[in-house]
Every structure is written in C-alpha cells, then in structure tokens.
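As written, the chains take the letters A, B, C and D, and residue 1 is the first residue of each chain.
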Amino acid sequence: MSSTIGNVLKLSIFGESHSPAIGCSLDGLPAGIPIDMDALQAFLERRAPGRSKTATERNEADKPEILSGIHEGVTDGAPFAAIIRNANARSKDYEGLRSVPRPGHADYPARIKFGNWHDVAGGGHFSGRLTAPLCIAGGIALQALASLGITVAAHIASLGPDGIADEGLDELALDESQLARLRVRAFPTISSDAEERMTQAILDARASKDSIGGIIECAAYGVPAGIGDPMFDGLENRIARLAFGIPAVKGVDFGAGFAAAYLKGSENNDPYRIIDGAISTESNNAGGILGGISTGMPLIWQMAVKPTPSIAAPQKSVDMDAMQVAELVVRGRHDPCIVPRAVPVAEAVCALALLDALLEDGRFPQPDPQVIADR
Amino acid sequence: MSSTIGNVLKLSIFGESHSPAIGCSLDGLPAGIPIDMDALQAFLERRAPGRSKTATERNEADKPEILSGIHEGVTDGAPFAAIIRNANARSKDYEGLRSVPRPGHADYPARIKFGNWHDVAGGGHFSGRLTAPLCIAGGIALQALASLGITVAAHIASLGPDGIADEGLDELALDESQLARLRVRAFPTISSDAEERMTQAILDARASKDSIGGIIECAAYGVPAGIGDPMFDGLENRIARLAFGIPAVKGVDFGAGFAAAYLKGSENNDPYRIIDGAISTESNNAGGILGGISTGMPLIWQMAVKPTPSIAAPQKSVDMDAMQVAELVVRGRHDPCIVPRAVPVAEAVCALALLDALLEDGRFPQPDPQVIADR
Amino acid sequence: MSSTIGNVLKLSIFGESHSPAIGCSLDGLPAGIPIDMDALQAFLERRAPGRSKTATERNEADKPEILSGIHEGVTDGAPFAAIIRNANARSKDYEGLRSVPRPGHADYPARIKFGNWHDVAGGGHFSGRLTAPLCIAGGIALQALASLGITVAAHIASLGPDGIADEGLDELALDESQLARLRVRAFPTISSDAEERMTQAILDARASKDSIGGIIECAAYGVPAGIGDPMFDGLENRIARLAFGIPAVKGVDFGAGFAAAYLKGSENNDPYRIIDGAISTESNNAGGILGGISTGMPLIWQMAVKPTPSIAAPQKSVDMDAMQVAELVVRGRHDPCIVPRAVPVAEAVCALALLDALLEDGRFPQPDPQVIADR
Amino acid sequence: MSSTIGNVLKLSIFGESHSPAIGCSLDGLPAGIPIDMDALQAFLERRAPGRSKTATERNEADKPEILSGIHEGVTDGAPFAAIIRNANARSKDYEGLRSVPRPGHADYPARIKFGNWHDVAGGGHFSGRLTAPLCIAGGIALQALASLGITVAAHIASLGPDGIADEGLDELALDESQLARLRVRAFPTISSDAEERMTQAILDARASKDSIGGIIECAAYGVPAGIGDPMFDGLENRIARLAFGIPAVKGVDFGAGFAAAYLKGSENNDPYRIIDGAISTESNNAGGILGGISTGMPLIWQMAVKPTPSIAAPQKSVDMDAMQVAELVVRGRHDPCIVPRAVPVAEAVCALALLDALLEDGRFPQPDPQVIADR
C-alpha cells in the first residue's frame, strides 16, 4: 500500500475521514524557505466546503497544526509535518453502509481488500477529506516554487454535461491579467460569465438530486528547461502518479493531450523560434514537456473529474452479507459537484511533482544566509 | 533519473538507440512460472517494424537474448535480464542534429539537461526503440498473469484526424470472439473494416509527408477484486506511471475517463448486481477501478498517442550553437503512424503494473511443485 | 533526505526535539490485527527516561495519541499514524549552541547541510527523542509479529569499558525462562548480577562527569525460513538500514558477526541436522540468516552504542561564526548511558524490518474474520 | 526481492553464476564524466581470481562489455549498463547439491524461498561472482568521485584467527605514501610484512582444507561536510545497506565502531579544532560521520568477512528430499580466503553510496562543457 510518494521530496498522507485527525509529513524540503502561514491558510480555504452557495454546508474545521519542520517561520531542514483535527467522529452513522456498498465509491473493493475492518465511515482513508493534508503539503511546495519564480495556476476548463467552457489559460506565457481575474473570485474561473453559468449548472444538479463533473486545466509558468527525467520519472509520470491519487480523477493529459490523437504531425509539432535571445516554441501542444523533460514553455495539463458518486437519488446496490439486491439512499448533504474544490488540489499535486523533480535535478538553490540575518 | 520502477516487481530499462545493446532487468518475478519463448518472440513481433505495409522498412533484429532468471524454461527466482543487440550503430549520421533540435522530439530539453554529451543519434535513450525491452519484460509479465487466468488485450480504438473507430472491447466481460478477431490479423483492430480504413489513412499521411496519431484502448479480464492500493499506488497511478514512459503518449484515462466529465452521477455510477452468486456492476464506467482498487470488473483504460514527430516535410527550428533560425529536414524513413506498434506496449505496461500490484497484495500463488515434477 | 523507509510497510518519522510534536506514520499494515494499547504503552515505558536510578530526570510525557489506522482496537488497513506532544518547547535555552557545535553530536554537519535554519535545540530532528515514534511504530510491528508466533527480545550484552557481560540469549531456540528473567526487571539484562554491576558502572560514569556505551544483542524467535531477499534487501540489509538510524549506533553485526573474522570455516559453518522431523543447524554462527534469507534458526544480531556524547565535563570546540576555539560545557541533565533505553529501540527496528520482509514475501496471513465476529 | 538500490543513482544487478551473463545497470549518472576503460579494467582485475598464489585457479573471463551510457568515452546521461559473459555454463555439475545444502551457503533458505526452481549451480544469484558487476558499477562511481577530488581506499585490516594486522589507514587525513604502498602490490595491504604473514596464513588454511576470514577497513578522503541525510539515509545506512549485499559480510561498523562501546564519552568524542582556517577534529572516532552526515573528516568504516563456507573437508548436512542426514564434500577448487578479493568490493560499495548521497544533495557539479570541446 502506498500513501507515500516521491524520490527526494517524500510525502506521506495519513488519516481517515472519521479518525481523530488527518495529516501529512513532507521529508526533503530544503532549509531556509520562508513560509507564510496566512497564505497557506488562504490556499486551504480554496478547497474547503461551505464557502460558496454551491457547496455542502457540512462544517469542517480545516486549520492545520504544524508539528515540525518550520522554525521561526522558515523551513529548518527537518521533515515537515502537520495535522488537521477531524471534528466529527461519527463513525456509527455509517453503520448501515458496512454491507451495502455505494456505487461509484471505494466501499466494495475496499471491503474485499481490507475485510470487515475497513472503516467505512465517510469513506475512511478514501475520503475526499484526505485532499486537505495533500493541500497542506502542496501549499508548502507552492511557496517553495514561488521563491524560484515558478507560478502554478489551475481553473475549471469545462463543467457539466453541456461542457460549459471557461477561457483557457495562456499556453505560451504567463498572462498576469488572466491570473488576476482568476484570483479575484471565490469560484475558480477566469471568466465571470463562466462562473455564472457553471454555478447555475451545479444548483440545477442539486435540485435534481444528481451530480456533475468537469475538467480542470492547470499551468505552471517559469519552469526552467531540463527538469524531469526520461522514461518513468518524467514530469508527466510524476504529475499523473500524484493526480490519480485525488479521488474522482479518471483521466490526466498533457498539452494537447487526447486532442493530439486527432492532429497531424505538422499541426501538433511545436516549431522552435528565438525571441529576445531565448529559445521557445511557436505553439505548445507539448504542454511544456518533451521526453518527460521540461522545455521551458508553460507546463499545461488537465485532469478529468467524474461526477460526485454520492447522489441523493436512490440507487441499486447489493447487501454483501445477505447476498441480495438492496436499494441504497446515501444520507447526508453531499456536494453535487466537487470540481471547484479539486482545483487547488490540482495545483498542489503539480507543485509537489515539480518540486521533487527540481530537487532531484539539483537545481533548487541553496538558501540565502542573508534572509535569516535580516529577520 | 529513473528508468527503474516498481515496488515488489522492479523493472529497469537500459540502452540507447545506437548503443551496443538495449535491455531490461526484472527483479521480483516469483520462481516457477513456465515461460514460452516462442510466445514471447511472437509478442515482440507485434511491436517490430517492417511487418506490414504501413511501417518503416528499417531493419531491426529484435530477437532478445536472455541473460538470467530463467532456468530450464521456468523462472528461477533470480532477477530476469535480457538484451537486444542494436545492429545499426550509425551515430555519425545524426551529427547534424546535435545543434538543431527536431520539433516534438526530446532533443532540445535533453541537451539542456545532459549537455553536449547526450547521444542524439536516433533519440538516444528517448528512442521508441526502448519500448522493445519494455515489451520483453511486459511479455514475461503477460505470461505470468495468464497463468493466473488474467488476459490483457489492447487495440486501436480511434485513428487519425477523422477518428476512424474500431469496435470497442467488451467492458462487462471477456468476449472470446472479440479477442479471436483481434488476434487473427497483423493490424491491431477487432473489425476488418476498421483495419482497411485505418491502413488507408496511414498511407495517405505518408504520401503527404505527414503523420497521424490515435487512441489505444486496453482491457484486462479476470483481475480479482481488491488489487491495488489507495492513494498513490492505485492501479490508475501504477498504469499511468508506466504508460507515460512510452514515447508519444500524452494522455491516459480509465473507464469513461475524460468522457465521465460530461456525465451525470446517475449516469456514471455503476449500480451493483448479483449474477450467478457473484457481485458485479451493470455498467463499467469505473473501468474496473474504484478508489485505486480493482472491483473484479474488466479493467479498461485508454492512452492517447500523438502523431509521430518525425515527418518528412521541412520544419522550422533553431541552431542552438549559432542561436539563429534554421530549417530542419528529418532524414531517413520514419513511421507516419506509430499507433499500431504501441498497442503491444500498452499491454506490456498494463501487465507489469498489474503483476506488481498482485505481488504486493500477496495473492500471487506459490508455484506448483507438480509442474516441475512433470517436466 | 529520508526519514521514510520500507518497501511494502512504509514508515515515516517526523518531528524535532522541541517542535510541537513528534510522530510517525506506518503505511501497509494489514487490516485485522488487534492492538493492545496498554501493551504498547508498556513498551514505550521501557524507553522512557526517569524510570530508573540511572536515567535523567527530565520529564517527558510519552503517551502517544493515535490519529488513524486503528478502529475499534483493530488495524483497519488505512495508514497508521500517531503523535507524541513535546511538553518542553524551550528552544531558546540552546541558543548558545548555534555557533559552538557539541563534539560527538550532529550539530556541526547539520549546520553545514541546513545552514542557520537548523533547529539546534535538543538536537532537533537528530535527537534521541525521535526514537519514541520509532518505538510506537515498532511496538505495533511487534504485536503484528506476535500474532504470527514471532518473539523479539533484546538485552544489554556488554556495558562499559570493562565489558561487563550479561548472559547471552539462546542462539539455538527460544528459552522462555531467559525471557521471563529479562522481562521481570526494569533494567534490560537476563542476569541480576549483570544488572547490579552495570548499574554501578553507570553511576560511576555520572559521578566522573563522563559517559559509557555498550553492545546490545537482539534475537527474533519463530521466524519462518525463506524470509528476506538476496543482495540489497536481505534481512541484514533491512535491519542495518533501520538500526543505523538510531542515534549513537556505530556498528551492526549478525550471528558471530565481527567475531566470525577470527574463526575458521570449519568452526563458523553451521552443520545441518534433523530434529523432530524438521531441519535446523547445530550451531548458529549465521545468526539465522544466509544469503540475506532467514534459515528458520533464531535471528541474532548486535548493535554497538557509543558513549553518550553529552558529558558534563568541559570540552574543546570552536565558535563557527568567530572562527576561533571555544570551550563548551553542555548544560542540563544528560544520561551518562543511553544503552538501557536503546534496548527496546533495537526490538522496534528488528520488528519493523521483519514485518516488511514478511509482507513482501506474501506470507502474512489474511486476518481471521472470526476475530471480529467474536468481539 | 531487491537487487536494485539507490535514490537518485539507481543500481540494478542481474545474473547468476551459471546463467549466460551477469551485469548491472546504473541509472542517474550525470553526463560528462570521462571514463577511463583501462582504469576500470584494472579495478576489476583486483577482484578477479587467479592473480595471486592464494587464489583459486578457476578461469573467469571478467572483461565487461559496455551496452549503453557511455559515448565517446564520456557518460552521456542515459542509464549505464554492462555485462560480463559467463564462460562456464556447467549447471549440471552441481546437481547433487540440489537436495543437500552446503553449510554456510544460501542453498537451504533459497530452496525454501524459491522452491525447486532455484538454480543452485555455483550459488545462482547468491554467488560471489555477482560482485563483479557490482564492481563495474562501483568502478564507474569511483571515477566519478575522483573527478571531484574524492579518493576511496580499502585494505585488509586484520586476517585469520590470529588477527594478523596491517598498518591502519590514516584516520585524520589522506596520506599519499600509505596509498602508494597499498597500490604497489597485488595483495591489498599497506605493509609488506603483513602481506607475507597473511599470505602464509591463507596457504596454511588451504593445506588444512579449511578457510579463514578477516576484517576490511575502507576510507574515503575528500568528502565534503554535509553529505548524507538524517535517520534512514545517513551515510552509515547507505553504506551498510550495500555492504551487507556482499556475500560473506556479517558485520559493518564506522569509525571506532564496536570498539566505541568500550570507550568513555571523554575518549570517544572528537574535539573540534581549527587548522589553516578550516574546522576539523582532533581525533576521528566518529569515522567522519555524525548524525548520518559527513563532517569533512575522512570517512572510515570496516566490514567483517566470514571465512569462506566452501571448504574441502567433509561436512555434516541433510538430504532435504529423503529427510535424513548426509555427508557433504564440496567439489571444485575454492578460495580458502575471499578477503583479498572483497577489498575492491568494499571500495565499490563505498563509492556507490557516496555518489548517490552527493547527487541527492545536489552538490555534484555540472559537467564542464570545455571538456568536450577539447576532445
């Protein structure tokens, strides 16, 4: 089993939806990176429910407690660790689910794998709640990357059965005005028109006791060329391996991605050019990655998020103990769409993958002694 | 850098397009699995060029030499290793490429990463040729899985800009007649009509000095439920991590994949049912995986292959030493479409990922002593 | 950096001596193992200071808080995690040490590696205190092994410059009376005479403001033959890799160990014999391991613990900022001998290494469903 | 199973004593390191049998064939791979051993683990012959370290039951005259008197159909301070994990090692001093490592090599199939002492561990483009 990942930067996620706490450890952060705790908290807020009219009003206290790794506001070289308390330890409310698996959730295969001991409450270790510690670690990684001039940004590219589309992130260069528009709103789109239409689609889904999914696009600007390794530790492999750890993600692609399958070589290849004495490409169907290694162009990738499995409408299932059909009604309030909440998680995994690759490449610069002297 | 992957079953790939040999080592195979060398060779032939009218006629001698790990036709528990000689060590033919990177290839970022020492000939370690040792290891894994009743099969689901479609693999159960039709032809489609149309599209691309891509669908039948681990070592993570190591792959998805982003929860969830005293699902949008763990339904996934970067038409590039624009004409014969050759590679990575997960789960049965007694 | 280790059973340790908490996560524990929290606490008490007349009276509240992985007293398959609060966050007391490294401690190289950000207080992440979470994880592993009939026991084999010797653990078979004598006393020796003499030696060391070291012998009884892997994942490699993570350990050997270098082959080889229809050896110089793999004989190994670096007497050091010599007096109360406290840590690392190897070998039996039914 | 090791520099060893070939792959070598093939061959010769009057005269052709990773005499960034052909595929000569395990060898536990498929000939994958590819990889690593000014040297510190001692390596600084004396002779001692006495002891052992062991001391000079990581990836952990992969090694210690257990803190601590404006220590009982991290002082460690298990005298064993006692006479010529041959292997593992740690630390300098321009 592995909730542990990374070569030089090693992340471990632990916790279950209804255990006393969830958390993470992140081993391999260089010393000397200043960490802004308010910025970290703001990042976590982007993931938390209850902020907008589309989300579930379940109350989650998502304020992390840092256990180690940061001393006087700066990483100190020791492994970073943080936890978040689970306020609602209501394991017994889910007892009925022990024998009737929810379609689209991990209940059934988890019971096969772990037997009767699997803590089915809220999904146990499979719960979307585990993306919170992933975001703590990712938030730290984002700040580390920012100190190197690397910016990561994600948004909802497409939402729902109608494929409501947002304006796409600039694939050729960092567009500050785009990011400004993205950051000004609580709902993660660049265009306000897209926000309105997507929000309505989510409310409609809730009204019909159903759920919808979407596609998230994520970009990383300022990644130097030459990062990543051939074959199994390329940037695509590293990002995909993390991204598929996000519940509900069923697809990951890079640059033109699945669309490249419909292009001709003359259309898909990115010709090289020289601008201001630097080499770049005229297009970026490669998504900033060739042979697993960064080209210096913006890194662009997408992940497909399936519609939330927990829907209010009755569903067909089986009673595993009695071995007969059973109808299931999932209780409690559930998000009709988790895509907005998954947007910061996409940034988190992108940052963790990039930082590990940068550290392995040896290019993460040594901490500046002047920083500490000036504090 | 990592051309090494796996938890219990550890694969290492080595070699370059024009080095003396390419090869692999595979560490962790249980002892006692009979290996049919003729079947392995036949599997490698599916990948080799020059077999059909669409491929390049470059001559590649792809007969592997087994160096260790197999004794008297059975795996003996020691690490398996095999090499394939490179017949054409023509490094100098590529000298002109040293400073002018080919668009869509790894030349440019590889030079940034490895400096002038990168052996650019034929793509060096980034060459599609490295999928040959990947297929040797995958071929061994396929035979190991077959001994457990697990069948892996892939085909071209869609080809070219027009999206020429093949009949889809059965997502609910192993359909022997489908596999029979798939296996009877050299070109990897179930339908002969699809073969004709796709073959024509490839010839057209060659005639226009261009290239096309496609989407490969792969299924694994007979995978028991409960295999794989939550979070970062789920079956999706394992398969994706290997698949993105195949040159030209730019996207991977599972089950409904990116299409799930356009479904409603009521459509995407797979209701449970009981058939012949066993639990299964009525549909299989999950692609046989929930929470990273197999459900017992067929495992279904897809990979997007971009059009071959090497096209005969002139392309715009730059001379990195002179720092000025340059036109590039890629010499030599190149496949206008590598999708047919990538089909067995998809099966290979699927098999390697599954076998590692099975071994880690502890369910790979002990070798049957009667097998050796009867030999 | 790696405070993370293991193939199937993955351990991560985090925390620093004076950070808010220290802890561990342990990923890969099978579900269904009953955990006795009182027994775990008792195991941790064996490591804690202040219990005997030889130890430091610094007050450490070592009661772990379980954060996840155990549900209703049984492991549930999700990663296990636990923390221990650090009661004394007195970082500023160590400020003077920031520029004057303590001989024998990690201060100097840690400052070179981590710059000025290294939290030098109490040794930061290098502190012996980090063996507490290692013991939590090890305590869980010990209980898992016990459920398979595997017993791990360690004691002080030799203490101090005079090499005060305890009776040796039985190398041929589990001797219950020996273990009974070992367990009855707070001081970890089999012989009470050894306890008296060793205790006196420790008190003498304290009186002379000095410290002493010793050698710990550890045995594992009931390990089935065939566990462990050749070459780099043999049981010796696995145990040594963990054991050298214990502060102050400077040597590890197996069976006859360094003494084997002085034996002839005819003396060191262990002849095979058959007793009660089972194969065993007449002697056990191999320490239960050949070729990295267990033989079924008791696993016997030793670790050398250097004398505590923190001594009360003044020492020569340098001021790294002023670049001139400086005298150092280490303040606070420190153990003149940490060997007694390291004994349970030896058992912990032995258990973790063995459990990982057992899980990788696939021999850890499936949890017994009857256990949960009966609760 | 793992014959694969390393974080950034990944080594895989494959092959068996009587399989067609043995070899290694080494993934993660930076590009641009010039490799002197004659020096590599000379290094392998130090390990090979048949060179001196004490060794077995079995004929082994140990000339490696490089398969990839080196282009025009310089590492090119692609994984390095090399093989050595096994000239003598005489598996059938060992048939009698299939059921009667040799004491002190891996035969018995290997058969339990791998069943009847284990290729027992010559020890299969457990054979000392597998140290040849370990030395190829180590030889490459040694050259990489030399390019950074790091020198690794090992010798026989003590041999046989009488503990014949060589002069010790200088623990405080590189002593060129010592290394010159060590390198001038075929037998790995600094003192010629030690060579004579040790050689005689080996001949005596052969005459009495027995074998002897010894202790090897290894030093690394010029290692910068700050290399290695706390806890489980310290230099001790890295070296020990590799060293215990060498057949016949039963103990590893660092600096004063097991002897430190008999020292007082005031004796064992190494006081700091300043010499020529640089910080060093007055003694080096730490062996150049504190808290797992290098101090800048010479890295000193030792490994204990047990006497060769294969002795000519008859031994007691059992017939595993008939389950009754059996006498065993090991046929063929075997070294009465493998210690001299293990000396270069100690250097190899030290170099591989150090290079991995250096690469992970990010301090391995970028290749010098001028080197290639001048060639």
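Assume a contact is a pair of C-beta atoms (placed from the backbone, for glycine too) under 8 Å apart; a residue touches a chain by one contact, two chains touch by 3 or more.
From a predicted model like this one, the values you see are computed outputs, not experimental measurements.
Asker: Counting C-beta pairs in contact, which chain pair has more, B-C or B-D?
Answerer: Higher C-beta contact count between the two pairs: B-D.
Asker: What chain is the most remote from chain B, judged by the mean position of CA atoms in each chain?
Answerer: So the farthest one, by centre of C-alpha atoms, is C.
Asker: Measuring from the mean C-alpha position of chain A to the mean C-alpha position of chain B, what distance in angstrom results?
Answerer: 27
Asker: Could you grab the centroid distance between chain B and chain C? Build each centroid from C-alpha atoms only and quote it in angstrom.
Answerer: 45
Asker: Whole-Å distance, chain B centre to chain D centre, using C-alpha means?
Answerer: The answer is 38 Å.
Asker: If I count partner chains per residue in chain C, which residues reach a count of at least 2?
Answerer: 1-4, 7-8, 13, 78, 110, 113, 125, 230
Asker: Residue numbers of chain B touching chain D in their complex, please.
Answerer: 1-4, 8, 10, 12-16, 19-23, 25, 27-28, 31-32, 65-69, 71, 74-81, 83, 91, 110, 113-119, 124-125, 366-367, 369, 372
Asker: Within the complex, which stretch of chain B touches chain C?
Answerer: 7-8, 78, 230, 359-360, 362-364
Asker: Please name which positions on chain A make contact with chain B in the complex.
Answerer: Residues 1-5, 7, 13, 101, 103-106, 108-110, 112-113, 125-126, 130, 158, 160-161, 163, 205, 210-215, 225-234, 236-237, 240-242, 244-245, 247, 249-258, 260-274, 277, 279, 281-282, 285-287, 290-296, 304-311, 313, 315-318, 320, 323-325, 336, 360-361.
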